[in-house]
Each structure stands twice: as C-alpha cells, then as structure tokens.
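Attaching a single structure in structure tokens format; questions to follow.
Each chain carries a letter (A, B, C and D) given by its place in the written order, and its residues are counted from 1.
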C-alpha cells in the first residue's frame, strides 16, 4: 500500500448502495436428494442443513468433524472420497467466530457439498481430518499459519508457507496489513 | 519399503564401518525445481529415504490481497497464480462471479473462452513436456516445444495484447472480439503445432532411455491418488477418469466431442503421456470450436463495478494442472469477503514425499517434473 | 534401439530446417496491433492539448497504485478554444510498478490513456522508471503515429456518458487535495 | 578449443537456433572470448574447502588429458613420441583424470560436488574396463601395442612363421570387429561423460557435479580437459577403427607424377582430422538427442552388458588370430552379439507395447462410466519394485 492513500475500508461499500441482495439457493434435484441423504446419515449428530447456490451446505459442531468426515467418506451412500478444499473464513468481527469449510466431492455419485463448522477465538480447535483424506494435511498447516486455527491430531504442525518465526495470523481480517513499510 | 539399516542397527549387528545418511537441500534455487521450491532429501548413497518439501518462497498473499481489490482487479491477480495457464485461471474467477450473480454469458464469448483455455492448455502442456525432457536430461525437446508454444503465444498477443498476463476475460464475457484473420492464423499455427508435437513424440516418448527413466518409476495407485487430492493428468494417469470438463461440464464443453486420456500404471511415463495425448485432444477441440463459432456479442451488459449478491460460491474448471477451484464468500461488496483458491499443483505437490521415497535421487527430479508444479500457484 | 535411431533422425532433420530464433537486439519480432505496452497519454491534435482531464479514474482503479495525477483549470476553456474545463496538470506513472493490465484504458472516459507499444525499458534503480507527463505524452503521440490511433469515444458524448464524466470530475475534485503531491515510494 | 564452437553450433542447429554469432564471423572467435572471460574471472575458493587439494584437482585432470596426446600419431610417424607401449600408456594415463574429479568433488565441501565426484569415480572406473578390453583386442589383432602399427600393420615372427598382421590400409577394423567399435564408442561416451552417460555433471540433478564450486580459470581447466578427452575419444575411434590417416589412403601419385612425401602426410593428417571431427559431431549429435540414464541403469549397462561384450570381443579376436581364420569370420561371429546388444538396449520399447498403458477414453464413454474399483490401480506395493530389482 502506498503511504498517503487512505486504506480501503473493506466492509463499507465504496458508494451509497444500501440494498445487499442474497444469491438464491438453486439446488438441483441431485442436490436435494443429497441433502435428504445427509440428514439421514448424520442423524446422530447435531447438524443443520442449508444450501448455498447449488451446493448443499451442512453446519456441524466442531468436535464431531472428524467422525462426520469419516462417515461421509466411507458411507456408500455419500462416499465423499475427494476433498477439494479446506479453508477458513474469518467472521471474527461480526460474529466472533471462525468458520472452517470443507468442500467435498463424490466421484461415484457426482455429489458435492460444503461441510462447515464454527470455532471461536480463545481456542479455535478442530479435529484434524488428515487421517481421513491425506490431502488435507497441507491445507491444515496453511490454515494454522494464516488463521491460527489449531487442528488437533494433524500429523505435521510445522509452518508451511510462512517463515518459522512469523508472528500473528495474517489471514485474519484484523491483521494490520497497512502498518508495515514497503520494501 | 524394507527396514533400512541405520547406524544403530548396524552397530547392533556388529557391522563395521559407519554410513551416514546425507541431507541434500535441493532448491530454492536449483535448475530442476521449476521455481522457488525447496525440498530436503535425505539420501542413503543415491537412494532417497526421506523427502521434506518446503514451500512458501513465492507467497504473495494473493488471497488476502483479493479481499481488498475490485473483482475487475482480481482478474489481474489471477493471471499471476498459475503463470503458464493464465486464461484458465481467469476463467475460473469470472465463472465463480457469474455463478454468484446468475449471469449468462453470450454464446460467442463462451466459445472464445473455451478456445483460449484450450490453447492455453496446449501451451502449458508443451512447456511441461519440454521441461520434463530437460529434467530427464534431453536438452532438445524443450526448444522444439518453445518454438511451437511461441506460435500460440503470438496468437494470444494478437487477441489480448499480452503474451502471458492477459486480463482478457471479464465478468459477463470477454474484453473484445477476436481480431481479423484470426482463423487463418490459428489454422496455420495448429497444423504446425501438430507436426511439432509429433516430432517431439517421435524424439522422446518411446526413446529407450526415456522409457528406462520413467516407466514404473514412482507409481501411485488411484485410491491413494484420490486420497492425496491429486487432480488433472496426475490423477488420470492413475486410472481415475476424473475430468471437470466431463464431470461437471462448464462453458460449452457439452457441444464438443473429445477424449480424455486415462493411464493405467500411475507411473511417471503415464503422467507424461497423458499430457501428450491431451495436447492432441485440445487441438481437436479447438478445431471443433472454430467450426461451431458464430458471430455475435461477446459481452453482456454489466455495471462497471461488479457487485455480486451476498452468498458463497465454489466454481472450478479443468486447468492444465488439474482441478482449479475458487471459493468466494461475498457480502455484497465490490470486493469478496473471502476468496480461496484450490490450487491443483499444491495438492499434487503434497504427494511428493510418498512418491519419491525409495527411489533414486535422479528419480526425485523426474517425479517433481511429472507433477508439473507452478510455484505461483502453490504459494499464491 | 529402433526408437533411439528415430530420435537421431528427428534431430538430424531439424538441423536442416531453417532457424526460428532471431538475434534480438538487431532484429525484432513483429508487434501485434493489440499489444499492450506501457500506458501513455494521448494528444488531441485538434485542440493541441492532451485528452486527459486529470479525472483520476485511472488512478483509483489501478491495481498497483502506480499512477498519480493532479488536475488544473484549462486556460483554453476560458478562451473558448476547448470544451475541456479541466486539464491534466501533473501525471506520473511508475512504470516499474505497472503490471500492464490495461484497466486504466478500460475505465478512462476520454480515451486519454492508451497502452502504447513501448515495452523495452531498463533502469538501474528501483524507482528509475518513473515517467512524468511530458514523457507520457511523447510516448502517446508516438503510439498514435505508429498505430493510426483514432478516438473511439468521440467528443459528442451521450447524455449518459456526459453525466458519468461530470461525476468523475466532481469526485476527482474532491480527492484532489489528498493526493496533489506525486506519491513517494521508497 | 574449436570444439566448444562446434558443439554450440551443432546443438544450436539441432535446436533450430542461431548459436554463437557475435564474436567473429559466425561466432568463430567465441571460444577466444570465453577463454578471456574465464581467465579474468575471479577464482572463488569456498571457505570450507581444502584449499590445496581444491587448487590441485584441476591440474590433476588437465595434465593427463594433455599427456595422452604425446603418443597419438596424426600421420605416419607424426607424433610427439612413438612409444612401443603406446596403447598401454593411453590406458594408464587416462585413469588418472578420475582421481582429479574425485578430488574436486571431495574437497569442495559441497554435497552436490561430493555426489558428483562419487558418481564420476564409480562410472568412470567401471567404463574404463570395456575400453581397456577393446584396446587390448586391437593389440591382439595387430600383435603390437604401438599405435603406428595399428594403422600400417607390421610383420611378426610367430613360431618361425613370418606373419603379416592386418593393417587398416585395406579394411578398417570397424568392419573386422564391429562389436569392438560399438562397445568402444559407448564406453568412450561414458568415459568422457557425454550425454546418455553424463550423470556426474547432470545439470538437472547435481547441477554440474564436481565442478559446482569452481569458477574462473579452474573451471576452464576442467572444461578444457573435458573437450580434450572428447576429442581424444574421437581420435582414438578413428585411429583404432577407421584407419587413421590411411584409409581410404591418400593417392601417392597424381596423374602420373609422384606426390611428394610431405604432401601425402599433410593430406593424411587432414583426412584424419576430418574423420575425427565427424566422430565428434556424432558425439554432439547424440548429446542433442538423448536423455540421460540413471546411475543404477548406467552401472548395470556397464557391468552387465558392455564388459561381457568386451570380453566376448577379445575372445573372438584371440581365437581368430590364434587359428589364423580369415578376418571376415570375425565380423560374422560378432554379428549375433551385436544383435544381442541391440535387443538389450531396445528391451523397454519391445515386449510390452509401451504406449498402450495410456488409453484415450471418449467423452461419451466417460459419462456412462461411474467410478468403479476396477478402474483404480490397486497396486501400491508395486511402487518401488522396479528399482529394487535394478539394484
């Protein structure tokens, strides 16, 4: 950032634009069937199922994540063998929570879904899913670097993309990005 | 892998002499790491017994930066992720935003996007074949492939005005229509590229030494490839026919006919040859697009400042390196609230330790070559 | 073994074909008409002044913040020679920061900035690539001459475009105080 | 020196590039510019290196490379020294260079150069053996170790019988023992570290091997030695197998008038050099075409293929010479072994159809296929078997 320009305020729209519309959910029939299946499969857990656009979105409690993931991967109805993406979204400012999002996909059934869980700040801990999908390992390390979410039981806890002595969690919204001198 | 003799076990067996495992640091500056990638290999003589990849040397915080930029500006950042398949990256971003806004793209614009993406797939794979040959020690194919790649790059320049960082796709279409005489130039370039690909194929693909170096090296089976989250040619070489273009067809891929090469061994040679065949298939797709394309609009009317509604969206497409995805959380502002990229080379690179352990040092380089990483995308 | 000999034949054949590289400093490959080099400011021959009114829209949309501009009252407007009320006063682009994305050209309402054919630029220092208004205009006129450039958004603006332009001028006026100095980047 | 120019130009033409073109006409003076640059460059010695050995290593490599040229005859009688044991001398001196490479690799205190040095030692020593055996079989054939005799033949007395040993004026040894030629050329390529066998300075793995830490004049010395050796292998190939200066022999008379002795010699030497440059060109051509072998494959090829074949060659020559069989019988006996070598090298691309492992699945085919387990290669155990076998 150049000194002199005011930092852009990210939450306030730049111009007067009061109406913020939401994208309507547009689930396909396959997606609706999946939503039903998931509510059956995960009936033992505390789950709330919604939809974002065309994806089934399923919010669970953080301690259940690993068991749910294993169930989703190994259950023949879901068989989410492929984990596309693991990420963290920072809602600390508004809701004082971090959201961990897993994007799952099933090659057999062509099902796709988002699995979400929420953790809050003093101890943002989620069980690791690196034992379920090995590909999750690096994502977990990266998210720990950037957001400070701790994944319990992750096989490797070293930093991945930041230097070892880096302080703070630069992915979070409250990380002061304008307060350093440009090289 | 069999139990390795360590100093302790040797001492216990009373074997005289000491052998010490050597740690070799390959990278961040090394001719074979294709960028600033570093791996620490522990070798016993010439055999790799442990590999630790280190990434982050090119970490530019793109995802964080996206939270402070307009959607139009983010396109320029996406050019710089996978910097040999720029069009494909741009495509995924604009597709995500369009999906969020529920925007339809004019037919011609969709065809132009497909055309550019397929051409970019060809350039990217040509670069892979060349650099991979360089990794195995053949110094000529890389220059033949650069020759052919150059022909497409010149076409890109005539379309978008830039050779690599195009900034050509827009939310709702593309920047401008194809230039005059594009078809003729494309056709002549394609036939030359076909010849060039055949030439390199003859030179390299079935060369005994090349087969010797790549056949049966670093095999990975389909189940663990899925487990590691591999995608693209690396996954297909292991026998899993997962291609986003057929799995969840986007743009107008339903209208073109093409084949997807699927390997059966999951070794380095399959990963290589999958890409060679993909180049040929891409040329086929491009020919079909040229036949099907009709004149028309290339841009839907959008506001100058793109402001998608609130919501979350995940869009993905088949990049040369695999399944490239973008996850956008929008709060209805000019900028995304959170943007996360699913970089295929990042996922492919994760499997590196499993692939190289037990092989020779020279194989480690070859395996890294077949994973075809682009560090701009791995580190973001 | 046969395959190896096939490879030797391929390379031998290539040896007889023509060279494809050129000797760069002596010889240049042709530049495509749409080539995007560094941005430059265009010159309005009819009124003998730049097209640029210093509205700062490019400055605000630049993803790398490589530009800075100030506007001034146009003396020719007072004389009635020009329809532009405001005119560019100072303009500076740090070409070392420019990423050649062309967003400034897209957003410009007056065709005042164009991506020129200029692309060979070397300097010894990190910020030695800064160019000021005079150099930008020189690059621009050169580009206009080379490319046979024509104004695509003629001066007879539609009422809609006019209002956009006026709004742009207004916002530029209000931000003017903040960044009237050429920004210093260490 | 002209070799660097030749190499760069050849590679450039193979790769459809221009190559050196600025210094001198067609870049002919480029080697001079290179030398000037390298000599004036700062000679960096790493802090952790053993300074003395580090300094000596290039000398150890260069001196034998020069010493070898003492016995090479460029035309009849035109050599620095005619040694009766010339071939033995060649074998003895050429082994010293390896020590220099190992010294360079060891003393530079760099892991890359250490690996490179070890690789150099391992593969140079093992490829020395087939070379020695082929040279010996030439010695057996001509019953002399004098390089001059190899070309012009001579008479020996065996058991009261005066025998005229074969000379290359009429038939070059390439036709008499083709197996020897092939083994010698392949082993020679390995001995000088040229492309399919250039593992000790493999750029993509050990980034230059023993030379990583060298710069300036020291580095230049290594490369001088490298090119000297390259040319030496070419010269030896011509000398031992293609009749040196004499096959096909330059005319001694021209339209009835006798050509003076010096002119014949000059023509012979020029002819010799021309042939040597052709072989050098072939070496560079191969460099522009092939990938590089891995160390285990390299050692396997050396020990399991070349060394037995060089033994076979020696035995064939010995038997034929002992029983005074006609020389063409040697060619005939060699042929099956050449076929064997052909099949050993080509075994990868034969047998299994290499290309068939990757199938093109049509789009429509993919749409109906759901992922089933038989599509997955469930053979994780096969991952490293290939390599352990080779070891």
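One rule holds in what follows: a contact is a pair of C-beta atoms (placed from the backbone, for glycine too) under 8 Å apart; a residue touches a chain by one contact, two chains touch by 3 or more.
Not measured: the values here are computed from a predicted model.
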Relative to chain A, largest Cα-centroid distance belongs to chain D
Comparing C-D with A-B, the busier interface by C-beta pairs is A-B
Between chain A and chain B, the Cα-mean centres are separated in Å by 24
Chain A and chain C have mean C-alpha positions lying a whole-number Å distance apart equal to 41
Between the Cα centroids of chain C and chain D the separation in whole angstrom comes to 57
Averaging C-alpha coordinates per chain, one finds the centres of chain B and chain C separated by a number of Å equal to 32
Each of the following residues of chain C touches two or more other chains, namely 1, 3-4, 7, 10-11, 14, 20
Among chain A residues, those touching two or more other chains are 107
So chain D residues touching two or more other chains come to 14-17, 288-290, 345-346, 349, 371
As the complex stands, chain D meets chain B at residues 11, 14-17, 111-112, 114-115, 119, 195-196, 198-199, 202-207, 287-297, 345-349, 354-355, 357-364, 366-367, 369, 371, 375-380, 382-387
Seen from chain B, its contact residues with chain C in the complex are 69-70, 72-73, 76-77, 79, 140, 144, 147, 150, 154, 157-162, 165, 167, 175-176, 179, 199, 202-204, 206-209, 304
Seen from chain C, its contact residues with chain B in the complex are 1, 3-4, 6-7, 10-11, 14, 20, 29, 32-36, 61, 63, 99-103, 106-107, 115
The chain D residues in contact with chain C across the complex are 10, 13-18, 21, 285-286, 288-290, 342-343, 345-346, 349
Counting only contacts in the complex, chain A reaches chain B at residues 8, 10-11, 13-14, 17, 20-23, 52-53, 55, 57, 81-85, 87, 89-90, 101, 103, 107, 110, 112, 114, 133-138, 159-163, 170-171, 173, 177
